[in-house]
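Presented below are the structures under discussion, each in the form of structure tokens.
One chain, chain A, appears in both complexes that follow, with chain B as partner in the first and chain C in the second.
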Partner chain A sequence: MTLSTGTREYLLGFADDEHMIGARHTSWIGLGPFLEEDLAFCSIAQDELGHAIALYELLLDDQPDTDLDAFAMLRDPVDYRSCHLAERECGAWNDSLVRHWLYDRAEQLRWTSLLESSNERLAALAARALREEAFHVEHAAQFMARVAPSQPAQILESITTLLPIAAGIWDAVAGEPEALADGVATASSAQLAEQWELAVRTDLADWNLDIEWPDDTSTADVGEAQGARRRRSDGFDELQADLRKVIDLDPSARW
Partner chain B sequence: MSATMTAGRSTVSDSIRAAIATVPDPEYPDVSIVDLGLLERIDVEHGDDVVVKVGLIPTFGGCPALDMIASDVRLAVATVEGVDRCEVDWLPGPVWTTERMTAGAQRRLADDYTVVLRGRDGRLRCPVCGSRDVQDRSMAGPTRCRSVAWCSACRNAVEVMRN
Partner chain C sequence: MHRYEVFLKKPGREEFRHAGTLDAPDPEMAMLLARETHSRRGEGAEMWLVDREHVLVGDDAHLAVNDDKPHRHNDGSLVAARRKQEREERA
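After this line comes the complex of A and B, so read on.
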């Protein structure tokens, strides 16, 4: 099935988000705050990387000569479409946990919207991904609910810092209108952003976390928003250098 | 499972299926991927060459063993007489669930690996002592496809296949 240019960019945004968040989550392998959490976080990272591979495969379906690993890791930074939340280095556990919660709330909504995609393969992937997403959201929510009663300052600070950056998940790529017209996407980023805000606000209320909702999370300025996913955040070069370590050593390496 | 076969070639198709059944899951070396429910379809194309197309579904998409399993299947099918080539595809659907496993595979997982499936009623049965007094402990286990529970009766950790 041939994908339009706009649809390709739309799917690339999602694929790159999944790749970057998965890669960032893996930095906790062996370093999680306790054993079960170490395992849980690595499982979630593995799922996200699995989603990224499936989406990259869909994009490369008509390009049999393009190597998936090379496509995933060796593009010019300007050719990535990841959001800045996924790219961000979260060296502190509280930041990683909060990001995990905000990201997976959004990811669940994105996959749900793709269940009705006109692209049958994508719809099938969505059905599988949602089974995994249910675990991710439950994991994040249980952990947050457990730490929230003590109102730890670090968690409150992480939420305040990451909320405006997380809203960047909903910065639409320029190709989104075409993806919607093709029926590959069934909900706009603006529509999903509203659902996400409601879910996040409900969580905060459930956990009695008193956070002022940031003003500047609006994606109303479409021109500016489209630019956001074209720009790489600070630290991306370092992240990509990390991702490339193995493939640069041996481009033909296979597990 | 669906199989598209030309009439009269069922011997070949039986051999192909038998060959795929010899491929073990890398996590459970004595459990066949067919019994685990990974095999979704076999198509045999009789052109100049006889090409076998095998469609598998993963237990979960990020499984690191996918390439290894596909390669094992290709090698196994290539040994079948009358087959020139084998291609393996990981299909986007249907979604794998534990219900795709055969009763034999479930028994083997319980007996050899102390890994159990959740019953239809959502409850667990300890594979060591048979007690129903088993509680979930951790969603994440030693691999992505297993969670961890605890049997209060015999005080053993019990691993559970995740859906």
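After this line comes the complex of A and C, so read on.
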């Protein structure tokens, strides 16, 4: 099936988000706060990478000569459409946990909106992804709910820092209106952003976390920095260099 | 943290079997994590978690064999010897 340019960019934004967040999550392999959480978190990372692969496959369906690994890892930075939250290095567990919660709240809404996509393959993929996403969201929420009562300063700080950056998930690519017109996307980023804000605010209230919602200026700053997802965040080059390490050894290797 | 013993049962008439152990802060979280640690590959159709605190443990002294009661260790040799003798007598 041929996808319009706008739809391609729209799907690329989601695929790159999944790829980057999955890659970032995997940095906890062997380092999780305890063994069981290590396994759970890295399993989530694997799921996200799986979603990324499925979306890349959809994008490359009509380009049989393009290698998926090369496409995923060797593009010019300007050709990625990931949001800065997904790209960000979260070296501290509290940052990773908070990002996991904010991202998966959003991801669940994104997949849900794609259940009704005019692209049947995408709709089927959404149904599959949502089964995993239910676990991701529950995992994040359960973990946060247990951490929250003691109001640890690190968690509050992580939320305050990451909330405006997370709003950048809803920074739409230029192609979004076309994806909506094609019926491939069924909800605009602005509409999903409203649902997301409600879900996140409800969580914060449930956990008695007193966090001031970021003002429009700070979210606008993130939108400005991302430039409709065309600009990469600081640190992206190092991340990509890391991702490329193996493929660069021998780009023609078959695994 | 609490320690939980994980039991899994495959479909059909198989019994529950001990699958391993996991640490979690509470029962709800234990159930959530157990899925990832022990049944990600469909190892079981049913799962039990038991808080280690609730397991009654028999210690070594409790389980030590009484070595002054040889009659509890019947290996059938006496009966076999007697039957052999009877066979030989009949022959």
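Throughout what follows, the second predicted complex is superposed on the first by the 243 of 255 C-alpha atoms of A that agree within 3 Å, B and C clash if a C-alpha of one lies under 4 Å from a C-alpha of the other, contacts with A are read in each partner's own complex, and residues count from 1 in each chain.
In the analysis below, a contact is a pair of C-beta atoms (placed from the backbone, for glycine too) under 8 Å apart; a residue touches a chain by one contact, two chains touch by 3 or more.
These numbers come from a predicted model, not from an experiment.
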Inset, instruction - Using the superposition on chain A, decide if chain B and chain C clash or fit. - result: clash
Inset, instruction - Quick one: classify A:Phe135 as touching chain B (first), chain C (second), both or neither. - result: both
Inset, instruction - Considering only the touch criterion stated at the top, classify A:Gly50 as touching first (chain B), second (chain C), both, or neither. - result: first
Inset, instruction - Look at A:Arg146 in the shared chain and tell me whether it touches chain B only, chain C only, both, or neither; answer first, second, both or neither. - result: second
Inset, instruction - Determine, under the contact definition given at the top, whether A:Arg254 touches first (chain B), second (chain C), both, or neither. - result: first
Inset, instruction - Name the contact category of A:Ala127: first (chain B only), second (chain C only), both, or neither. - result: first
Legend entry - Partner touching more residues of chain A, whether chain B or chain C: B
Inset, instruction - Could you say whether A:Thr26 touches chain B, chain C, both of them, or neither, answering first, second, both or neither? - result: neither
Inset, instruction - Using the superposition on chain A described above, determine whether A:Gln154 touches chain B (first), chain C (second), both, or neither. - result: neither
Legend entry - Partner chain(s) touched by A:Phe34 [first = chain B, second = chain C, both, neither]: second
Legend entry - On chain A, the residue positions that both chain B and chain C contact, one per complex: 36, 39-40, 43, 135, 138-139
Legend entry - Residue ranges of chain A in contact with chain B within the complex: 36, 39-43, 46-51, 53-54, 121, 124-125, 127-129, 131-132, 135, 138-139, 254-255
Legend entry - Touch list for chain C against partner chain A, complex: 1, 22-26, 28-29, 32-33, 35-37, 40
Legend entry - Residue ranges of chain B in contact with chain A within the complex: 60-64, 67-68, 91-95, 137-142, 144, 148, 162-163
Legend entry - Complex contacts: residues of chain A adjacent to chain C: 34-37, 39-40, 43, 135, 138-139, 142-143, 146
